[in-house]
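Have a look at the structure below before the remarks.
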Amino acid sequence: MAINKVVTNEIEACKGVKNGMTLMLGGFGLCGIPERSIAELVRLNIVDLTCISNNAGVDDFGLGLLLQKRQIRKMISSYVGENDEFERQMLSGELEVDLIPQGSLAERCRAGGAGIPAFYTPAGYGTEVAEGKETREFNGKPHILESALTADFAFVKAWRGDTAGNLIYKATARNFNPMMAMAGKITVAEVEELVPEGELDPNQIHTPGIFVQRIFQGTGYEKRIEQRTVKTEKLSE
Amino acid sequence: MLDKNGIAQRIAQEVHDGWYVNLGIGIPTLVANFIPEGMEVEFQSENGILGMGPFPFAGKEDADLINAGKQTITAMPGAAFFDSATSFAMIRGQHVQLTVLGAMEVAQNGDIANWKIPGKMVKGMGGAMDLVASAENIIVAMMHTNRAGESKLLPSCTLPLTGVGCVKRVVTNLAVLDIRDGAFHLVERAPGIEVDQIRAATAGKLVVPEVVPEMVIA
Amino acid sequence: MLDKNGIAQRIAQEVHDGWYVNLGIGIPTLVANFIPEGMEVEFQSENGILGMGPFPFAGKEDADLINAGKQTITAMPGAAFFDSATSFAMIRGQHVQLTVLGAMEVAQNGDIANWKIPGKMVKGMGGAMDLVASAENIIVAMMHTNRAGESKLLPSCTLPLTGVGCVKRVVTNLAVLDIRDGAFHLVERAPGIEVDQIRAATAGKLVVPEVVPEMVIA
Amino acid sequence: MAINKVVTNEIEACKGVKNGMTLMLGGFGLCGIPERSIAELVRLNIVDLTCISNNAGVDDFGLGLLLQKRQIRKMISSYVGENDEFERQMLSGELEVDLIPQGSLAERCRAGGAGIPAFYTPAGYGTEVAEGKETREFNGKPHILESALTADFAFVKAWRGDTAGNLIYKATARNFNPMMAMAGKITVAEVEELVPEGELDPNQIHTPGIFVQRIFQGTGYEKRIEQRTVKTEKLSE
């Protein structure tokens, strides 16, 4: 009998999140972010958080909501991009920010979940990112040593999930979610559709349930689009 | 002088049949519009798609289907979705044949800077550091000078680096230049542009061959 | 004295509700048969399945669906298939709560040897080295002595090691023993087995408490 | 337009394989092995091969066929198991064998494909496997440094594939195939069913086509079962 991971909602799912914890949050921009869990973290007003997430949402959505309320002490991300509040807090020094290459971020999360404490990558060699890190040549090419990332809680968003915690993501909403699911001590998955065990094809699971501790079906997804771009408009930058 | 579409059109000529190509945000994204019909090329976007197609028709946007610039896109027949770790496995493992990206500065030794202006602006490196550290073919697409009219092709970068000694070719509104042996080698002039204009706009060491053909843009 | 099924039955008592469990080839595989109905437990097989079910009915075998012992199996509702890298990510990342495996030798410091007899036999370590280096709970299931009647619970291993200081508990045909502080601590006797028999069959340092209960096997 | 990777058959697919090359071959035991490509390698009588494969088949099937004909100089595997000829050649010294932990083997192939030259793992610490390798402690636990593996050719077997080289594996026949597909300079995929581009759901691809250089639909798969075990027999070891 499969292990049942179902909790009622985001309130149950976020139980145990405390001030000062390290959280991982899936998503790329606003695509594939755990909307319901973020809303609950905002409501709980938990502070002093270290958040590992590729981006920090936009000013008024996604992780931007936690930034607005100053709940985040430190961000570990690859891109600030189009988030003015993120950039402002970082430049003013209110927010500690560790910017790391996107591929290294993804791989460091995977490493954390996979029991690999460190690995070498060429990304960032010769840049600020390499400062304080071991450098070593392999096949005549310099690499830097990057360490694994883990989190007290990982929050991921999937398209479909089953009671055993198996997850299937949709299109590019997959992004960082699978690696972060692996790296959370407690991984919370919110899904658009929750089905009984046995309804998902075991051959099509993206994240096996072993990586998920809690799962719930979210409601009222906004799924905001950051850069709506369509064909009828003249293609432009 | 080329506009952004002109730069993209010129870069499209660098794309070979059978190549996987990663296009950065901005001008590079436009390159996809100029790939000849029938050419077998697949675009990778590092957020997790291979076989990226054009923007959707209005009303067909899918919030779950975007490119690395966060624009709504479509998927071509034969496309595949994957996670970010797999995406950068493709990039780091040199399975992507060509990377086109923008830059704030490029140096004559191939260094590139495009993610930060200390104290003023920080976009973050996104996937650029992985891309430039890994790709065998890196083409920078950018304006030859910045808004203040200063050259972006420098003896050495003044901004924090994205990667070292990695850029092979630069395509600007004025010229195509190759980087080797610590210098920019002028390859082509943009239509209507004279060598002297390029020389004046290039702060780094510029090597000019006897004959500099004008770009052929169909 | 326990037979192989008895050992498996006793080990099944160590399995907790909500655990993911990896069962090695041989006796460990039998453990699955003794999990109480309704208990939420999932078996991982390192060749790429979570939610391994019983053997199929004759005629229902699928060559594409096997366990790490290469036996044909079935998948339970809620199962998932994955590749070998992901499988060992689960193992190395300590997402599997219990590992049960066989051994040729176990030492009083928790070392284990089970993959090679130099010059004579080499099975290979398969996934065992990853499992023992990573798992938080490792139970060894084996006969107390080898075919020659020699103890397999030793002061130190004589064969090439599979892992160092990793075994926490050993369940044999004679006893349950915990390993800590450089000794085997006798926890339970098999039905009908006296402490002296266990002492005689244990070459390593054996600590015997005043009372040694007999196993309760339902 | 997607990149067409289709070749006619195993004869076309194996073109360019030469004596002395390093090959990767997917499969676990006889499950998910590239039967048709192996048959062609036997026919071609290419020798002095280094083969990276979790097992070496059985005496008369899978890689065992190449062992029988002494085409393999060196095996890199995790398990010899039930292959008497493999064990005999190894013990007699006719065959060079590098035995490595299964998880390290899988991860080393993935690393090779992912441009990660080396990583740390706890597997094998304190054993023969660690000899000559760097040891380092992370979080108080000793680890060894393992390096990436790549191959001149990787041969993988999938269930379904499309003309663009995208692959879907079936059940536990997936095993090492995805990582080896990543790590081959030239990756040859043989599939039971080859479909036109666009027929596979892009959300369900296990190996994206970028990792595959040649694909063909194989015929006459034997799919031999190594340990047929059924429920009507009394469960036994």
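Which chain is which? They are A, B, C and D, in the order written, and residues in each are numbered from 1.
FYI, a contact is a pair of C-beta atoms (placed from the backbone, for glycine too) under 8 Å apart; a residue touches a chain by one contact, two chains touch by 3 or more.
All values reported here derive from a predicted model rather than from experimental measurement.
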Checklist line | Where chain B and chain C overlap in contact partners, by chain label | finding: A, D
Item checked: Shared chain contacts [chain A and chain B, defined touch] -> D
Note to self: Of the chain pairs C-D and B-D, which one is connected by the greater count of C-beta contacts?
What the structure shows: C-D
Next item on the list: Please report how many Å separate the Cα centroid of chain C from that of chain D, as a whole number.
Entry: 28
Checklist line | Approximate Å spacing (C-alpha centroids) for the pair chain A, chain D | finding: 32
Next item on the list: List the centre-to-centre spacing of chain A and chain C in whole Å, with centres computed as mean CA coordinates.
Entry: 36
Margin query: At least two partner chains per residue is the criterion; list those residues in chain D.
Written below: 107, 110, 114-116, 121-122, 169-171, 202-203
Next item on the list: Enumerate the residues of chain B that touch no fewer than two other chains.
Entry: 49, 75, 81-82, 85, 88, 91-92, 134
Next item on the list: Classify the chain contact graph as line, ring, star, complete or other.
Entry: other
Next item on the list: Let me know each pair of chains that touch one another.
Entry: A-B, A-C, A-D, B-D, C-D
Next item on the list: State the interface residues of chain B toward chain D in the complex, per the touch definition above.
Entry: 18-20, 38-42, 44, 49-51, 75-82, 85-86, 88-96, 134
Note to self: Give the list of chain A residues in touch with chain C in this complex.
What the structure shows: 1-4, 110, 112-116, 162-164, 166, 182, 196-198, 202-203, 205, 208-211
Checklist line | Complex contact set, residues of chain A against chain D | finding: 107, 111, 114-122, 138-139, 141, 143, 147, 168-171, 202-204
Next item on the list: Show which residues of chain B lie in contact with chain A when the two form their complex.
Entry: 4, 26-27, 29-30, 33, 45-49, 54-73, 75, 81-85, 87-88, 91-92, 111, 115-116, 119-130, 133-134, 160-164
Check: Hey, which residues of chain D end up touching chain C in the complex?
Finding: 28-32, 54, 77-82, 87, 90-91, 97, 99-107, 109-110, 121-129, 159, 169-179, 206, 223-233, 235, 237
